[in-house]
Structure formats: C-alpha cells, structure tokens
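Chain naming follows the written order as A, B, C and D, and within any one chain the residues start at number 1.
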Amino acid sequence: MILAFDIIILIFMVVAAIIALNVKDLLSAAMIYGIYGFLICLLWAEMGAVDVAFTEASVGAGVSAVLFIATVYNTKRKSSD
Amino acid sequence: MTDQLPAIIVLTPMFGAILVSLLGNRDHRICFPIVLVSLLISLGASFGAAQEVFSTGAINYFMGGWEKPLGIGIQLRIDALNALVLLVIGSVSILTAFFSIRRIGEKNTEKTPQFYVLYLLLCSGLFGITIAADAFNLFVLIEVSSLTSYGLVAMGSSRRGTHAAFNYVIMGTVGASFYLIGVGYLYMKTGTLNMMDIRSILQSNVDIANSNAVTIAFLFILVGIWIKMAFFPLNGWLPNAYSYCPSSSACILAPLMTKVSVYVMLRVMISVFGLEWIFSHAQWSELVVWLAVIAILAGSIFALAQREIKKMLCYLIVAEVGYMVGGAWLADAEWWGLTGTIYHIIADAAMTLCLFLAAGIFVRRFNAVEISDLEGLFKKAPWTSVGFVIGGLAMIGVPPTCGFYSKFYLIRGGIDAGHWQFVAALLISSLVNAVLFFRIFEIAHFGNKPAEGHDHSHDANADEAPARQEAPLNALIPLLVSAAAILLIGLFNGQIVELIRVALEDFSTLALNLR
Amino acid sequence: MLSKVFATIAVVITGGLLLYGVMDFPAFGDPHSPPNAGVKGGGESISQYFITQTYRDTKVPNIVTAVLADYRGYDTMFETVVIFAAGMAIFAILRVVGDNNDPTKKELSSDDALSQKGDHNRIIIGTTCRIIIPIVQLFGLYVVAHGHHSPGGGFQGGVLLGSSFILLALSQNLNAALRRFSEKNYFTLAATGILIYAGFGVACQILEKNFLDYGVLQKVLFTDGPEMARSHSMLGVEVGVAFTVTAIMFSIYANLSSRGTLKDGL
Amino acid sequence: MVEFFEQHFNFWIYVILMMIGLWAVIAKNNLIKKLIGLSIFQTAIILFYVSLGVKENSTIPILDHHAPAAEVSADPHHNDEPSETGNHGELHPKAGHENDHHADAHVGAHAVEPDTMANPLPHVLMLTAIVVGVATLGVALALAQLIYKEFGTLEENEVLEIIKGGEAND
C-alpha cells in the first residue's frame, strides 16, 4: 500500500462522484460513474483486495454503467439537476 | 434428522422456487402445488424445531460444519424466541398462498410462475432472517427478502404503485446500507460477526463496550431496521407501497415484513448488544419511547384521514409498529413491555393478515377501494364480514381477541415503567381504532348514502341474491382461519405468554433480571 | 429547495455521527486492530484463522475464494439467490409478455442522438467484437476455473461471460444475442446454477453432515482426504454461481435495453 | 487533530463519499441521479469495509503455494515485530503447531505470518455486497423505465404533480 497513491485516487474519486452527480447530461453522468467505478477498482487493487477489485471492475465499472446507459437511452437524456 | 431442521426450514422454499421457475413456464397449474408442499414442509419443520426447542433447548446449526473457533462459519440458531416467529411466518405464508391462487389466474397470467418464485424466495428470506445468528448473514437475507418484495410490490398495474415501489427500493436499500454500516462499526471494534461472540466480547471487555463506535454501531443498526419496519418518521414508503400493490402481495408483505423487522430489532437488542448494555449506555432510551408515542398518535391520526381501506390499514400498521417499538424500550423491571411486544408480533401478524385478506376480498369481489364502497356488505357477504369484524374488533382491543391481551401486557409494562404517555397513547389509539372500525361497520351494515332508504326496498325483496356474492372459498377459508387464529391467540394468551417468558428467561442468565 | 435543506441537515448529522464513531478506531492499516487480530479476551481471531489455516483445511491458496465458497458458503448461496431474485423481479416488473404490436415504440426526440439506428452494423465494431467476444468468454471461463489460485471466481467469471453476450447485443443487435441465448435458456441456466450450488449442499446433508460441509463428499468425488473434496466442491459451486450470474446479467441487460420487449434493444 | 486526520484518511473519504451519495439520494430530483447517488453510497460502505482489513506492508490474501519456503519468512520487516506487541507472540506457537500437520515440501509457504496478508474476511463480505448492489440497481432501473413509460418523465416533482393531478380528477 502506497499512501500517496491512495490519497490521490481517493481525491479523484470524490471529484468523480461530484461531477457524476452534477452533470446535467445523464449519459455523461453514467460514463463518469463508470470512471468512478474504475477508480475505486484501482484503489482496491492498491489496498490488496484483488478479488473485490476484480468484481468492481466487471460489475461496477462494466455492467452497472451499461445498465445505466441502457436506461438513459430508453428514457430521457436531459436531467433538471 | 432433527439436527438438520434449521437448514430444511430455510432451504425448502428456495428449492420450491427453483422448481417453479424450471417447470412453471410449461404449465402454470403445477406452480401452486409446489408452493404449498414446500411451505408445508417448512411449517412442519418449524413445528418440529419448536417442539425440540421447548423440550430440550436451543438448536444450533453450523453451516458447513465450521464450528470452532466460533465465527469462522455461519451459525443458525433456533431458540424459544424465534421458534414462535417461525411458526407465524409459516402459517401466514400458507394462508396467503391459498388466497393468491385465483388472483394471479385472472390478471397477468403469464407472470404466475415469477410471482410464485418471488413469493417462495421471500418466505425463504424471512425464515432465514429469523434464524440467522450471524450479523452479516442477516444482511444478506434481508436483501433477499427486500429484493423479492420490491418485485412483488411492483407487479401491480397501477401507475402510483410503480412510483411507490421505486421509493420503496430507495428507502429499503438505504435502510439495509445503514444496517451494514452498523455491522461494520461493530466488526471494527469486536473483530467478529457472530452474534453470540459479539455479545460475549461486549460483556467481558468494558473498554469496547464503552466506546463511541459501538454506540454509533447500535444507532445505525437501529435506524436501518426502523426504516425497514416503517417506524414513524421513516415510514414514508409503506402506505403507498402496500396499498397500490396486488392484494396477494400485500397479504404476505403487510403481516410479515414489519413484524420480522421488529423481531430483528429485538434480536439485535437482546442477543447482540444485550438489554443491560442498551439501558446503561443509551441514555436516549426515554426518547425512543416518546418517538413510539408520536408514531402511535401519528399513525392513528393519518388513518382517520384516509378514505381508502387499504391505506387506512397501512397507517394502522404504522401505529402498531409504534406499539411494538415502544414496548421493547419500556425497560420496566419485569419486562412486561418486552413480553407484550413479542406477543404483539404474533397477534399483529394474525390481525393484519385478517384485515388485509378482507380488504383484498373487498377489492376483488366488490371492487370496493374506498370505505364508502362497502355499503351493504354485511348482507352481501356475511362470512367475509364475520372475518372482517373479528379483525376490526381485535384491532380495537375487545377482550376475547388477541388485540386486547397485547395491549394489556403493553399497558402493564408502561405502568410498571412509569411511562404514562405510552399508556395514554395506547388508549387513544384504541379509541381511534374504535371510531374507525365502527364507522366502517356502520357503513357496511346500514349504508351511508342518502339514497339508502330508496334502495332498501330492493334489498328487502332480493335478500338472497346478494348472498351469492360471498367471496370464493380459497379466499374465504384463509380469512376465517386467520379470524379463528385471532380468537385462539387471544384465548390461549396465558400459554403463549408463558412460552415468551421462558424465552426471555433464556437470556436472563446474562442480562435480564426477571423477578 | 426545502428538500435540499432537509437533505443537507440529515446528511451532515449522519456524517458527523459516523466520524464521531471513527474517532475510536485504531489507525488505518494497523495490523493489530480488532478485525485483523481479534480482541484481547475474545476468542481466536477469525481473520488470522483464515490466513493461517485455510490452506490446511481446504488446499485452496486463494483465501478469499475459500472463505467465500466454503466457510461462508451459505452467504454466497443466498447472494446467488439475490441475483436470481433480481432477474425474476425485473422480469415481473418490466417484461411485456405476449405478442404485442409494440406500443412502446420510441419517440425519437431531438436530443436522442444515440438512437441513430445505423450505428449498429458498422463494420469496424462488428469485426472487432467478433474477434473479442470469444477471447472474453475464454477469459471468463479461465477466471471461473482458476479462481482457486488467482483472483477471480464464479461472480467475476459469470459477469465476464454475461458481458460477452451483452457485447454481442451491443455490437450487432439484441436479437443476434437472443438467438444464441434465448430467454427460456437463460432462465433455465440461472435456475440450474442455484440447483448446482444447493445440490452440493444437499449432497452433504444426504451423507449425514451439515449443509455445505464439503469434506464428506470425498466418498463421492474419490479424492484423497476431505481437503481435496472441499477444493473440488468449491470449483463445482463456483461453476453454479457462474451459471446464474451469466444468465441473469444478460437477462437484466436484455430487459432493460429493450424496455421488456426483447426486441431491437439498443 | 492532524494526526487523527492522517491516521484515518480513508475513513474521512468514506464518510465524505457516503454523505455525497446520501445527499443525492434525498435531494436530487432526477430518478437516475438518485440511483447514481445510491450506488456511490453503497461503494462508500464497501470502501469502509475494505479499509477495515488493510494492514500496512501486507500483500494480497493469496498464498504463494508454489514458492520455496524461505521466501515468505525472509521478509526482514517481520523479524523485529514480535517484540512490539504481546499479542503477537502468541501466534508463533500456533504457526509452529501447524507445521507439524504438514510434512510436505511446501510447508514453509503455508505457515504464513498473519500480519503479512490483508484480512480476507472484509473482501468476502464486500464481494457479496457488490453483487447485492448491482441486483438492486437493476431492479431500480427497471422501475425507473416503467415510471418513464407511465408518466413520461423521470423528474420526481413532475411525477408527483401528475399523481396529484390524477387524484384531483377522481
């Protein structure tokens, strides 16, 4: 575990979370959520939780983002907030 | 064979669900027998387990045989407290299964197998929650029952139901996550997930028991469970979710979900933290009784304001949850409040089942959604009315029914503990229930419209014609059985309370000072 | 606006309480904190038991897999059940059953730039995916089978396999994926997965041990010693998990992308 | 205070992420945004759990069962550790005891020092939680699509207005 690496990813994660929630375009929000998932997966690999990282990479960054995109595509892309 | 009972209770409904999903699509008629058989096996196993527990003591079951050191595997435990809850779950689920036959046949026929799969998995989850003795396993099973209940609630066709189900998903997930946070804090301080293990560490190690983290853990677990059981300020999801979902879903969810959540709260209070710890560390326990008082009053007042039968019943559930939370937190010297709460779990399951079955019949048979639609019900369907009246009387708390006795024990606890506001709230709530139900009885007997006198001549010469509107047998029998259960639970309250006292005595060696 | 004020208050209170609890925690990364080393006066530390004894008990080097599939196998079974229930719930909620004449035809609004139909059959995407999908599937199978020795296992492999079908549906269209993996098939596969998992458990019960006590299966699996029986059973169980997860991941995508009609898709 | 902040940096970030997620769940108007918030809330909890199991200078919880015995115990960091804490000393006899069980060639590799490996239990728990999370997300997204189909919007205030309008018409 490298502390600097840890802190940098954590700060990136907070930034990604805030952006994902504040973007008005839902497709972008879903993509940024995918980025968030990938960052958290990196963090876990770095913390020694390889299995969790693997799952998060496939579930959080992969399938979840695809499900969000599928829903956004089938509904509306613009959000009021 | 008897040592395998805990596994059989939980797993049979799950196997039933798999069978239904494999075979059900080909022929829908095969679904119901599978459901019935698997639930009957579970109920039978629960009976066997209960007998075993009351004759020889608690049954411990270690999944995968990982027994030592404690906590490496997952423990299941049936003791006197949850044996009673198991029986309640088994009986309610079988009765509701009968009720659900026709309904699914009429609408959404294509989704019948999916309904039963979710139904059985819900039962499996509830059984599992009841006998789990591992804090994280409890979370997984809460999620099993929650996810299936989201599906069951959303199966209805009304627009408002969809929105209610969405809110339910959000609230339910937040509640489960709060529980998970609490378990995490507890794990951080104790290093184990097994409930018995946590308990013994909290008892033996004063430093840990006094730490902020454990208090916070308790708070978050409690709030998480309160969200699940719709305790008053957190009840936003319940009324809409239960009143706009299909009747058969409402009949399984309303009696069981909140009661099992109350049971989980008791389990966490009694055998994870220990009552001793709670009432010496949580100075805010008085506050919880006040919250319960507010919940009871708010539930009753909201119920008065409703025009729809099911919504009114939903707000009554909110009030009943207030009873149970308040009773558990009374902390009177002889634990009558706690006894009343456990008795009320059983009694309220029967009462809620009875009333929701009746409401389901009203919707299905008479298309009666609002209270004013019930006009002339007593003549049209005398047997349905019998069930409904017994349910209503139990809700009010008229003596031979179980509703009276649970209130009696709760009030006794309130008086012992000196919480007069709780006693007053119980009495006011009874009064409100009396107003509510006698209003309905009046409408059902005399009708409420000014045109009633005009219609009366029709009724007089067509006396037997409305009699044909009696509910179908598959709905009527569960209703009458649950009504009979209300009376029986009331008549045998002495024996049941005796069992509950025995159950509490089990924990008394460590934390309770009964007598 | 009011809801935002309320939310801010609620969230600040929650966060404050959580931090108040954190103040008691041992420092981050402390190897002797209670989760890592147990508490004084308590029993043996669970985590240390897992690290030191897992290989002796199960002959599986990946401790996470061993704990997941054996020590806490009951949790994992119900986790699979959760996935299965989610698939069923989504079917119950969204699926438009019967031969409908598609009343949910999309309204192509101006901001729906995504829904340009022509995108799907582009030659580059099609060709790339045709090459990549078998590799993804092969990797998924490897992850399932090699979960004992390296990171991975039933969930990860199942999600990979499921996402290979999702990729097929994305690169061509949903029907192409459904031709290979129809609705009936994936629900059967999902149920079979749980049946395999629970079957291993019940087999142990038949041999008069507790549910999921794989050690006793050595009589059936002809392994030398209960440890290898555990190891092999874990593989079987992971395969069951992978079945269910593969099937349900694809079914969730198929239903969500086509609004429950299982036509067109994205 | 600074020390507290430094030592619990991960926990601070977990609380912040949790607050962001929960705030979005309560306050955001768009249903998809609520769900993104919910997912962030759940990952924050997972971050908390994984942080519980981290040990300094530890490796991943997979035993290197093909490695020669010397490699694991040759790590110089651990030679001076038993003197640091009393709790530690108790573990050595157990590790030695385990050696007796195994007379095979890789014996050193599994007589592993617990402090050299991350705690596997939180990882196992969180695998479960991640999967539960995606299952919930799927159900919630299906409901969101159904709401869009029936109300034509994903904004909560508009949905509530339509419901209120429908009630007034009754």
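Everything that follows uses one rule, which is that a residue touches a chain if its C-beta (ideal position, glycine included) is under 8 Å from a C-beta of that chain, and two chains touch if they have at least 3 such contacts.
Just so you know, these numbers come straight off a predicted model, no measurement behind them.
Visitor: Weigh A-D against B-D on C-beta contact pairs and write down the one with more.
Guide: A-D
Visitor: Let me have the rounded angstrom distance from the C-alpha centre of chain C over to the C-alpha centre of chain D, please.
Guide: The mean C-alpha positions of chain C and chain D differ by 15 Å.
Visitor: Using Cα averages as centroids, what's the distance between chain B and chain D in whole Å?
Guide: About 32 Å separates the centre of chain B from that of chain D.
Visitor: Centroid from C-alpha atoms only, then distance chain A to chain C, rounded to Å. What do you get?
Guide: The computed centroid separation for chain A versus chain C comes out at 18 Å.
Visitor: Could you list the positions in chain A whose residues touch two or more of the other chains?
Guide: 1, 50-51, 55, 59, 63, 67, 70-71, 74, 76 - these are the residues of chain A that touch more than one other chain.
Visitor: Give the residues of chain D that touch two or more other chains, as numbers and ranges in rising order.
Guide: Counting only residues that touch two or more other chains, chain D contributes 9-10, 16, 18, 22, 51-54, 56, 58, 60-62, 117, 121-123, 125, 127-128, 131-132, 135-136, 138-139, 141, 143-146.
Visitor: Mind pulling the chain B residues that touch 2 or more other chains?
Guide: Within chain B, the residues that touch at least two other chains are 136, 140, 143, 147, 150-151, 154, 165, 181, 187-188, 193.
Visitor: How do the chains pair up in terms of touching? List each pair.
Guide: A-C, A-D, B-C, B-D, C-D
Visitor: Write out the stretch or stretches of chain B touching chain C in their complex.
Guide: 4, 7, 11, 14-15, 18, 21-22, 25, 61-66, 69-74, 110-111, 114-115, 117-118, 121, 124-125, 128, 136-137, 140-141, 143-144, 147-148, 150-152, 154-155, 165, 181, 185, 187-193, 197, 200-201, 204-205, 208, 211-213, 215-217, 219-220
Visitor: Quick one: in the complex, what on chain A touches chain C?
Guide: For chain A paired with chain C, touching residues are 1, 27, 50-51, 53-55, 58-59, 62-63, 66-67, 69-71, 73-74, 76-78.
Visitor: Can you tell me which positions in chain C touch chain B when the two form their complex?
Guide: Those in contact with chain B are residues 17-18, 20-25, 33-47, 49-50, 70-75, 78-79, 81-82, 84-86, 88-93, 95, 97-98, 184, 187-188, 190-192, 194-195, 198, 201-202, 205, 209-215.
Visitor: Which positions of chain D touch chain A when the two form their complex?
Guide: Counting only chain D, the residues touching chain A are 9-10, 13, 16-17, 20-21, 24, 28-30, 32-33, 35-37, 39-40, 43, 46-47, 50-51, 53-54, 56-62, 117-118, 122-123, 126-127, 130-131, 133-134, 137-138, 141, 144-145, 148, 153-155.
Visitor: Across the complex, what residues on chain C touch chain A?
Guide: For this pair, the touching residues of chain C are 29, 62, 64-65, 68, 106, 109, 111-112, 114-115, 143, 151-153, 155-156, 159-160, 162-163, 166, 170, 249, 252-253, 256-257, 259, 266.
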